[in-house]
Structures are given as structure tokens and as C-alpha cells.
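Let me give you the structure first, and then I'll get to my questions.
We call the chains A, B, C and D, going by the order they appear; numbering starts again at 1 in every chain.
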Amino acid sequence: MVRLTHESIDFTALTEQVRSPQAGAVVLFLGTVREMTDGRRTVALDYEAYPEMAVAKMEELHAEAFARWPVTHAAIVHRLGHLELGDISVAVAVSCPHRTDAFEAGRFLIDRLKEVVPVWKQENWDDGTTEWVHPDGGLIAE
Amino acid sequence: MVRLTHESIDFTALTEQVRSPQAGAVVLFLGTVREMTDGRRTVALDYEAYPEMAVAKMEELHAEAFARWPVTHAAIVHRLGHLELGDISVAVAVSCPHRTDAFEAGRFLIDRLKEVVPVWKQENWDDGTTEWVHPDGGLIAE
Amino acid sequence: MRISVRLFARARDLAGADRLDVQLSEPATVGQLKEQMHEQCPPLGSLLPQLLVAVGTDYATDETPLDETADVACFPPVSGG
Amino acid sequence: MRISVRLFARARDLAGADRLDVQLSEPATVGQLKEQMHEQCPPLGSLLPQLLVAVGTDYATDETPLDETADVACFPPVSGG
């Protein structure tokens, strides 16, 4: 299951979706809005996506996880819109028979999501300025 | 926070405990009772602990995670008693500023827990027999 | 042919619009599209070296051919998660 | 001295009791304790090569010294998680 949403991410429901008596291990990753980045204070983040392509890329990653690891269930949700400090921006849940696979598949999904899924975040700094975030934590010069 | 419990593990509450605006990444690991092991069918597991030592070892691992990674919060809960298929036997939740650390610290905590925390599980096979589980998935010959 | 390019994030902000209509002589590639976009919309220049182009839901290279039916989008490196 | 050893999991099942009281002459080590336990309780023999001993809340080796006040526990390799 992959999904974009403008609502709060319900990580409990997401985790329940992947639990199974066939799986002995569940790994859940949550990305949350962090206050401090390189000494600067964020008050909020705005996320936007190219939705059709973002969903297509998330589907590809989902399928690739099943192809590479013995995954029982996997779910990926990315939130869009205006997020406050501490809000969950992305959630990845994976279940596998064994934990090594669950950790590897979960790590793969969030790492690749950040590389290929067309979603962008804009920082809202505490001085009132906004700035598009560059991957690897850098910022695109205004 | 580390804890042994005979009740169901509330992974939602555990995850909420580690979330923080100082952390951009949360990793939750759940160990759940798996039906099939090497072709044999489990109907339930019974867990027992040496409780004083188990808590002491969990506290040591908790402290070691903070010493080795920039951990914001961490929580470890192990359930004891009779568990049915799909029940959560163990939960580890870790938050860190960045996801690499959260994955590594979470992995460390569950791996080391399985090596050093004095908890034992007994299989209840579907043929009515019971058997203590040996680490590495083997069984101690009866 | 005329291609209506969807713009996202900073590419949209620089262009001041969420689409840019580009005229190209056929046959055309993504590389030619990017040159034409820069000519029509000079503010995109600062982003050009990093600008990504998708055709359909796949990332394209400068050599990827374009036709009039293609869904084309331009955007900076992704930063989700 | 007399040491009351707590037993867990299969060690308890084999002994048929959750404690085993062991008499040792001082000074004594964990290695001597294990020998004495085997002598008093032969069914533990099948587990002896794997048997772990904790003194207080720490794992002990055969060389770890014992005194009368020690909290001692014996159990098979752990299998939680």
C-alpha cells in the first residue's frame, strides 16, 4: 500500500496493516519535523509533490522491496501540505519473517524514497523566511 | 524507559514516548509471534524472564545506545507469559535527529537484547508438544 | 510541436507559473527542451544545472526523445521524507 | 557456605524446582558451583555445557568467586525477543 495524504499520518493503523502471523518482525520508520537544522530553527515545513509520479515511484519501490527481501507486507505514506514541529511527514512500515530483512527493507524504502520520489519540502525558518530544501540537507540558494 | 510486562504491548504509546521535535527520525521494531518456524507450526509461545537481571540488562543496553549514538529517546519493552500468534513479544522504539542513527541504534538494541537479556521462550507446537527455544532458532533437545 | 511543461517547487516559483508552454521543432529531445525553457524563462537559469525532467512518470536524460503526447514535468532535486 | 541458586527455563524444568541449595567449602568459584550442582542434580547434566551462571545481575565465568551473600542464578542461553 502506498499513499499521499494531506491528513495526519496514523502510524498505528499503518503498523496494524503490515502485522501478520507470517511475520516475526515489523519495522516502522517515521520521519518527523525536526526543530533544529545546522543551528537554524524551523517553525514548520511545507511539502509538495508531483502526485502522479510520486505515487508511481512509491509503487516501484514497494514492488522492489518485495523482489529483494522476503517481505510479508509493506506500506508507505507521505504527507503533503503544511506540517508543524514534530508532525510525521513520512511513514514506512514493513513486516518480514525475520528482523534482518525487515530492517534492510525498511531502510531501503526510506533511503530510496528520499532519492527518487518527487516530493519537495520548504523550510519555514523562525526569522520568517522560507527556503526550498536541497537534498543532503543543503538548501537551494535563493 | 525499559520495562517487562504481562500485558499487551501498546506500541502506539511507546512510539509517542520517543517522538520529539528534536528528533527527525523514529524507528520502531516489533517482534511478533510467528506461526511457521522451519516448517513447524506454532500455536503459542510462553515467555519467562529472570526479571531483576532482565531489567538490569535492558537498562545497560539503553544506556549503551545513548553512549554510542545521538539518541533523543529510547524505550524497550518485553512481554512475558502466554502469547498467541501475532502478539507482540518485544518492542524497541528509538528517536534520533537523523535516520541512519535511529536505524543503527534500533538494530543494536534488539540484536543485543536477544543476546544478553535473560528471557526464554517455549514453543507450543500444533501437535501439543512444548519445547524451549535455543538461541539462533535451534531448540534445546528434550 | 507544443509541449506544456508542469513545474514544481522552486522551478515553479522561479517561473512564476505552474506550467510553461514550449514550442519545439521535431524531432526534439529533453536537452533541447531545457535550452528552450531557459530562453523563454531566464529566471530558471540558476536552477538549470540541477533541473530534473520527467517524461510520464520516469526520469529523463537530455537524450530522451519527446513527442507531443508526452506528459513532461520539470523540478529541482527531490527533498521529501 | 550454602548458596541458594535460582533456576530458570529448562534448568528449572530439569531440576524440577526453581531453587537448588548447594553446599560449598570456601573459597569457591562458579566452576565449583556447577560441578556441585551436577552432582546434586544429575538431570542438569544434559544442559551443563551450555549452562549460564549469573552473580548479581552480571554474567559470571567459571573463575568468578562466590560468597555467601551472592545472588546466584543458573539458566540456559537466552532466547527472548
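Rule of thumb we're sticking to: a residue touches a chain if its C-beta (ideal position, glycine included) is under 8 Å from a C-beta of that chain, and two chains touch if they have at least 3 such contacts.
This one's a predicted model, so the numbers in the text were calculated from it and none came from an experiment.
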Among the chains here, which has the CA centroid at the largest distance from chain B's centroid? C
From the mean C-alpha coordinate of chain A to that of chain B, what's the distance rounded to whole Å? 24
Need the CA-centroid distance for the pair chain A / chain D, whole Å please. 49
Return the distance between the CA-based centres of chain C and chain D, expressed in whole Å. 73
Chain C residues counted as touching two or more neighbouring chains: none
Multi-chain touching residues of chain B, meaning two or more other chains, are 31, 110
Pairwise, the chains that touch are A-B, A-C, B-D
Where on chain D is chain B touching in the complex? 6, 8-10, 13, 46-47, 50, 54, 57, 59, 71, 73, 75-81
Taking the touch rule as given, give the residues of chain B at its contact with chain A in the complex, in rising order. 11-12, 15, 19-36, 85-86, 95, 97, 99, 102-103, 106-107, 110
Contact set on chain B toward chain D in their complex: 31, 47-50, 52-54, 56-57, 78, 89-90, 110, 113-122, 132-135, 140-141
